[in-house]
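Chain lettering (A, B and C) follows the sequence in which the chains are written, and residue indices restart at 1 in each chain.
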Amino acid sequence: MSDDRLGITGEVASGDRRNERIVTRVLQGCAAVTIATTVAIFAVLLDNAFSFFYGQRLHEAVLGATLDQRVGVVEFITGTRWAPYHAFPDYGVLPLINGTLLITVGAAFISIPIGTATAIYLSEYASERVRGVLKPTLEVLAGIPTIVYGFFAISFITPVFVRPVFETLGFSVSFYNAFAGMVVVGIMTIPMVSSISEDAMSSVPDDLRNAAYGLGATKQEVSTQVVLPASISGILASYILAVSRAIGETMAVTLAAGHRSQMTLNPFVEIQTMTAYMVQMARGEAALGTVEYQSLFAVGLVLFLMTLSMNLLNDWVKRRYREVYR
Amino acid sequence: MSAGTDTNELFGDVDLGWERLKGRAFLGFCIAASGFGVFALLLLLGDVASQAVTAVFVRDISVVRFLTESASRFPDEAGFYAAVVGSAWLMLFTVLLSFFVGVGTAVYLEEFAPDNRWKRLVEANLANLAGVPSVVYGLLVLAAVVNLTNPLSGERVGPILFAGAVALALLIMPIIIVSAQEALRAVPDSMRRGSRATGATNWQTVRNVVLPAALPGILTGTILALARAIGETAPLIMVGALLTARRAPEGPFDTFGAMPTMIYYWADRPEVDFHYLAALGIVVLLLILIAMNATAVYLRNKYETEY
Amino acid sequence: MSETELEIDVDREEDADEETTSDEIAVETRDLSVWYGEDRALQDIDMKVPENKVTAMIGPSGCGKSTFLRCINRMNDRIDTCRVEGEVRFRGKNVYDDDVDPVALRRRIGMVFQKPNPFPKSIRENVAYGLKIQNKTDNLDESVETALRRAALWDEVKDQLDSSGLDLSGGQQQRLCIARAIAPDPEVILMDEPASALDPVATSQIEDLIEELARDYTVMVVTHNMQQAARISDKTAVFLTGGELVEFDDTKKIFENPDDQRVEDYITGKFG
């Protein structure tokens, strides 16, 4: 071809072109691993949870294995007694959900107000020097392993704070109690709320603050009536993430709140969360494939669906309340 | 309006006094809230430190023996050695499993992928994966690795160290990807254009120009991700890690215990003597975490380039 | 109004009875100097701003005219490195005195900014905001309507008061900001290049509005547009680079027969 003499159309760079295609394929493969992980989580949980209910894994059932109903789906979802080890076992998941929500709500009562107020202080009030100390300190709080928070709960929060204080007030407080779990989960999620909310508040344009100051607003009014509403999407996102994190939190609540599944709103008694049950089960001796063992996956599926819906809610909030200005 | 009262209002009338009080109360609340996090951190560190100090100076637990012995029924003889070795093995395989795939995904998303639905799907999925509780990754590996039948031996794969590493690698993958994406984004486009203008392909540009420039940032992010992994307990318990690490694992296919699971075991024991061991174990774990974070900060400061 | 009358008023301001001075002069500065860190932005400004008139401040960019404006209601307080010396007298009271609360001051001296900056709230809430924080909530709807009418925006938005202020066009947003500023009924309105971000049609609407506002308010407007200053203002202050007030007089005199050669050069476009 005549063009070949120019060297811009022919085979000159074909080797490099082939490399480029191969590399692209390999990198696409890497990205596919992340998708495969999500698919695998879904598949594995569904497959194994199916056997909890019907005695056969989902893929076995599809291949034609006969089902042997062990636990009813309705019984699982609406039952108020969770007693897998009992002579007459019951598999009602509500007590575990009750325990998880008790911890989550209690933790939110700590992390949301404190995290938000910290974010306001960092974004609106603090000098550069204070920020330079406070922000890394809160990052340290976020970086401490949850097992350490669990240890903190049973070695300090319960014996030095919860029991002395509330027993003086006339409550009866057991060694393992939901309250200590709420406190440590609340503390560990403060940095999530404060850092994400602060990012949102800091990105509110200064024009808006000037407008309010120009009208004679006080700093507190500017913070709560202008900055807070203008950054509401980021703030809500931080709340949802903190709640989602509290739902999935495992080691701290396992150590602090214990292993007695019950339907209760009393924060001073021993409870069991979904995650704590999973730890208890995984430590136990139940044989593979038994209904006790497979309950691990049924509870895991409920947990996964709860955190997944939190993530989806987060996406929705971000789209719904996206700030319109730049 | 008469000028006399006007001037007086600038001194602040009753109404403004109330607002000033409100403002001060609000600021006080914000400061107290900010202080609460710091206070909680100090309490936590102080609690661990005081228990560790009691362990060494009151209970006479030998630090040397703690670091050279492994788990035992007797608190006086128990040590952390096997757990530390187990964690080191875990980190080695976790980084091998997550680093290349993670950086590959980041390079794909930042440098190769056209801005289409597939790319957006991968990125949305990443955000979702980051929100999956760590205990669920443990369940995934339990079912997808540990409970499988080994085709060579015909036996269950079992709770091997490699399975723990897979769980941790999947867990920190989103963190590595996102931090690597940030490092890649920080490389200015002018460098890419310069390379492309000499006739380099996209991959040649990435390999020779972009990746070397982004490497310090990528390494920093990876170390921070490993610092997250090394303290993770729940996924290891799910895959069946030994809570009492009596001997160090000898390879990826051996059973294993790790620092956080050992700490959990000690902390969960009713005997208070074991709690002191847990405190000592936490001190070791926190010191390792500090070292990892210091390395990350050092790397970032040393190689930080202003473009 | 002659210079001599003003001088007499000033001589009397030390007296306890300040009522006579306030009738003529809304804002007065004395030896006002401003630094940003080491950089001096304003040099010894002496100026007397008459009441119920439009006073324009013009000059090349960086001459300190916006800094001057922000000194009047102490918006400069928000900048850490900013240091103010001298006095700004509002109704005879130095606003930099220790006992003056900038929050109270700003409720008397409203401000409109260069870039329209409505809150991400409804139109109604935007206008009502200043009224609410100042507890002027009697007849809120009526006050909102009055402010919007005065800002010549009512007819355009009366059917969509609950839609977001951000949905309006740039010119409408700026008039909304003016409505927001005048709703709590301040005595002075500061405007920092209020039309510079707008198209010519919106600009002329804003200019008409400023002339209208001067009936009820003292208006101080910063602009880099000399024609605009000539069109809308009664008095004009010319600042030149370095933060110096070169000449301050009736607008007609400044544009037709300035005393200072530099002002004439600037007006005629010889520099700046």
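Quick notes on this structure:
Definition applied: a residue touches a chain if its C-beta (ideal position, glycine included) is under 8 Å from a C-beta of that chain, and two chains touch if they have at least 3 such contacts.
Computed from a predicted structure; not experimentally measured.
No other two chains have as many C-beta pairs in contact as A-B. Greatest centre-to-centre distance from chain A is found for C, with centres as Cα means.
In this assembly, the C-alpha centroid of chain A lies 51 Å from the C-alpha centroid of chain C.
Between the CA-based centres of chain A and chain B the separation comes to 15 Å, rounded to the whole angstrom. Looking at chain A, residues 218, 221 sit in touch with two or more other chains. Residue positions of chain B touching 2 or more other chains: 19-20.
Across the assembly, chain C contributes residues 103-105, 108 that each touch 2 or more other chains. Across the complex, chain B meets chain A through its residues 19-20, 22-23, 26-27, 29-34, 36-38, 40-41, 43-44, 47-48, 51, 100-102, 104-105, 107-109, 112-113, 121-122, 124-129, 131-140, 142-144, 147, 156, 170, 173-174, 177, 199, 201-204, 227-228, 230-234, 237-238, 240, 243, 260, 263-264, 267-268, 275, 278-279, 282, 285-286, 289, 293.
Contact residues on chain B toward chain C in their complex (touch as defined above): 1-4, 6-7, 9-13, 15-16, 19-20. Every residue of chain C that touches chain A in the complex is listed here, in rising order: 73, 75, 78, 103-108, 110-113, 115, 117-121, 129-130, 133-134, 164, 166, 177, 180-181, 184, 190.
Across the complex, chain B is touched by residues 18-19, 21-23, 90-93, 95, 99-101, 103-105, 108, 135, 187 of chain C. Partner chain B is touched in their complex by these residues of chain A: 13, 16-17, 19-20, 23-24, 26-31, 33-35, 37-38, 40-41, 44-45, 47-48, 113-118, 120-122, 125-126, 134, 137-138, 140-141, 143-152, 154-156, 187, 190-191, 194, 218-221, 223-224, 241, 244, 247-251, 254-255, 275, 278-279, 282-283, 288, 296-297, 300, 303-304, 307-308, 310-311, 314-315.
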